[in-house]
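Look at the two complexes coming up: subunit A is in both, with subunit B in one and subunit C in the other.
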Partner chain A sequence: MKILWQREWALKVRTPAGWLYPVVFFLMVLVLFPLAAGASPKLLAQIGGAAVWIAALLSVLLGMDSLFRSDLDDGTLEQVVVARYSLPLWVLIKVAVHWLTSGFVLTLLSGLAIPLFGLSTDEASVLALGLLLGTPTLTLLAAVAAALTVSLRGSGVLVPLIALPLQLPVLVFATGAVDIVQTGGQVLPVLALLAALLILAVVLLPWAIAGALRLALAQ
Partner chain B sequence: MPDTDSPALILDDLMVMRGDVALCGALNMAVHAGEIWHIVGPNGTGKTTLLMMLAGLLPIQQGRLHWQGRAAQEWSTLYVGHLSGLNSSLSVLQNLQFLANLSQQNTRISHIDDALMQVGLAGYEDVPVARLSSGQKRRVGLARLWLDPVPALWLLDEPLTALDVAMVERLNTRITQHAAQGGRVMLTSHQPVACVTHTVDLAQHVVVAEDDR
Partner chain C sequence: MPEPSQTAGQPSIWRRLWIWFNQTVGPRHFFMTFRPWIKWLGLIAAVLIAVGSVWGLAFAPPDYLQGNSFRIIYIHVPAASLAMSIYLALAVLGVISLVWKIKTAEWVARAAAPVGFVMCVLSLLTGAIWGKPTWGTYWVWDGRLTSMLILAFLYAGIMALYQAFENSPNQGKAAAILAIVGAVNLPIIKYSVVWWNTLHQGATFTVTAAPKMDPSMLWPLLLTFIGFYCWAAALVLYRTCTLILERERQKRWVQEWVEQESRS
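Take a look at the complex of A and B:
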């Protein structure tokens, strides 16, 4: 299992462009949004949470369609199946490493919302906590779409089309959390809900992804 | 003489099918320990499909595949197919360690070095696979045959493609050695293979489409 983990890391290190691009995209939206939205600090603080979340959601979707493509094309997936290695476990390792170079980096960078959108430290911490709990779920849902379309050429458009409707609830709850802090409400129930969604996603979705990948192999 | 202690791999009216299309007639054969089977037949008769079904990559829709009553899943299999299973941006060593880890083989660097020496690629450990020639990639894939413990059933799809004469010779020796130790091998090749003990010709199993009656 350690070697599988190392392999995924080595792949991320050798091909940095693939995962840096979504991160840079996220940064660009974060920096450009306040510039374009005008100089009203009150308005910026109000829409800050939503803007960061939309940027995070789109950034997570970027590049997801190629998550399993090279493994299908070069025969790695075949070898995992022939060796009867647990496909859901392999998927989970792959998605986890991918999240560490995407969703997790976004969570760290979301601290920039304090200077850029004028969020308070409390608001920014709830935002970061929401991203920490929400982006893994978003990544897993996008991975389902990536696995379903892996054998189709030019499926870049299909992944967001399949994944976005499933990801919407996470977006709605998570942006709501920042609003609740701003109006002085209880934020814990919303974060608990995000955590519950994450647990469900981690337990169930690797099996769904593995099933979709098996279908792609049999074609 | 077949080794009676070790159960035979039995293909029981197995239909080689790709999707809904039967590529050749039902196969009935038993693969015993120590046997090397050469699957022959013209293009499109299902040689690769048969190997993929045996490897568990394609579902078996008609017929049965079992080890004298036991589920085929209980047996360790080594499959070298058309796709190399090597990621081109990783090094030879990283790729082999990953593949060895999957099939629960020894992943120690010295052990993998030995296997690379056997296929004539000593010193290539840290070279990215993208920089290898197609013959060298083929050799990296075949280096897994020299890793311990080697799975009992080998499924080799066109293993001789892109190999030079010396490597073909070495591969023949290795396959013979594996069979002598009670292993079994099924391979496809359009070239004659020196070490085979049995041959099955899929062309002789071609079905006449039932619609033709």
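Take a look at the complex of A and C:
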């Protein structure tokens, strides 16, 4: 397992395009909001949480498309199956490394919402906590969509189309948490819900992803 | 040495049930068994929907609060219920096709997906039409409406997957996985009116208590409800039979059946 982890990590770090571009994309989408909605501080403070979340969601979807494709193409996937190594575990390692270089980075970068959108420290910390709990779930759900479409050429918009309906509850809860902080309520229940979704995703989705990958192998 | 049991040599009832099930889900048996059902289900559906709609639209008394605008319930409720039931069927059929590798289950799911999508969109549209005179707005972003919209997108994703894998023998399997993963949305829809404050009405019918709706309005609703379900069943069976004919067209029984039909 350590070897797999090291492999994924090495692959990820050595291709800057893999982890750098989604981060830049995140920042660019963040910038779109004040440009499109006008830079009034009051408005920006209201939509700050939502803007960060939408940017994070789109960035996760963008970076997910080719997660499994190179492994399918060069035969690594077949080797994992032939070696009878646990495919769900391999998937989990892969998604974890991917998250560490994308979703986690976005969580850290969400602190930029304080200067850019004028969020208070309370709101920003709830935002960051929500991102910490929510981005792994988003990544796993997008991985399901990526695994289902991995054998298709030019799947393009299909990955977001499949993944977005599944990811919407996470978005609703997480932005709801920021709203609650803004109106001064109890934020712990919503964060607990996000944590519950994360646990469900981590426990159940690797099996779905593995099933989808086996399907792609059988093509 | 123990005596041989009385039933040695004859399979148990469960074994026979399983054998019967496996035979019926074979494409040919499925086709031959269920094709006659289409006509009858369609007929029952037509009668029930006609009677229910006319009764509901013309003869049921107007609501004391909503006046006549409540009458769209006779389309809205069956359509919404069907949208959820068909999605549940997609998830169950997905499990059956993935675990037991029964091809017919994939085809029934493929046939049912567009029907469910149309029902979902219909319920959203009729709900919006109903909402305007009753709540003052076509749409509100509450739990029930948003989760039904998510259901519509899930259906769209499933249909997109079917389309993308059009030429593959594994067409149904990817969509089956998506249907199973997305089935978590169904309890959210069902309980959204319980969990969140919403404009949408709470549950009027439960299995355990007497319905809160007046019988003069309830009966036409039950009629259209069952009528819609029969109609959806007839549609799904018709589409499945067409799919069977298309996918099995190389087989001799299909060619014989087509010849027989064209002669009569």
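The rule is short, and it goes like this: the second predicted complex is superposed on the first by the 214 of 219 C-alpha atoms of A that agree within 3 Å, B and C clash if a C-alpha of one lies under 4 Å from a C-alpha of the other, contacts with A are read in each partner's own complex, and residues count from 1 in each chain.
Keep this in mind: a residue touches a chain if its C-beta (ideal position, glycine included) is under 8 Å from a C-beta of that chain, and two chains touch if they have at least 3 such contacts.
Please read all numbers here as calculations on a predicted model, not as lab measurements.
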Touching partner for A:Asp74 - first (subunit B), second (subunit C), both, neither: first
First (subunit B), second (subunit C), both or neither touched by A:Thr149: second
Touched partner set for A:Val172, first subunit B, second subunit C, both or neither: second
Touching partner for A:Lys42 - first (subunit B), second (subunit C), both, neither: neither
First (subunit B), second (subunit C), both or neither touched by A:Ala218: both
Partner chain(s) touched by A:Leu205 [first = subunit B, second = subunit C, both, neither]: second
Which of subunit B and subunit C A:Leu164 touches, first, second, both or neither: second
Doubly contacted subunit A residues - partners subunit C and subunit B: 218
Residues on subunit A engaged by subunit B in the complex (per definition of touch): 3-4, 6-7, 10-11, 14-15, 70-71, 73-76, 78-85, 217-218
Subunit B to subunit A touching residues, read off their complex: 55-59, 73, 77-79, 81-90, 94, 97-99, 101-104, 107, 128
Footprint of subunit C on subunit A - complex, ascending: 141, 144, 148-149, 152, 155, 158, 161-162, 164-166, 168-169, 172, 200, 205, 208, 211-212, 215, 218-219
Residues of subunit C that touch subunit A when the two form their complex: 98, 146, 150-151, 153-154, 156-157, 160-161, 164-165, 168, 170, 173-174, 177-178, 180-182, 184-185, 188
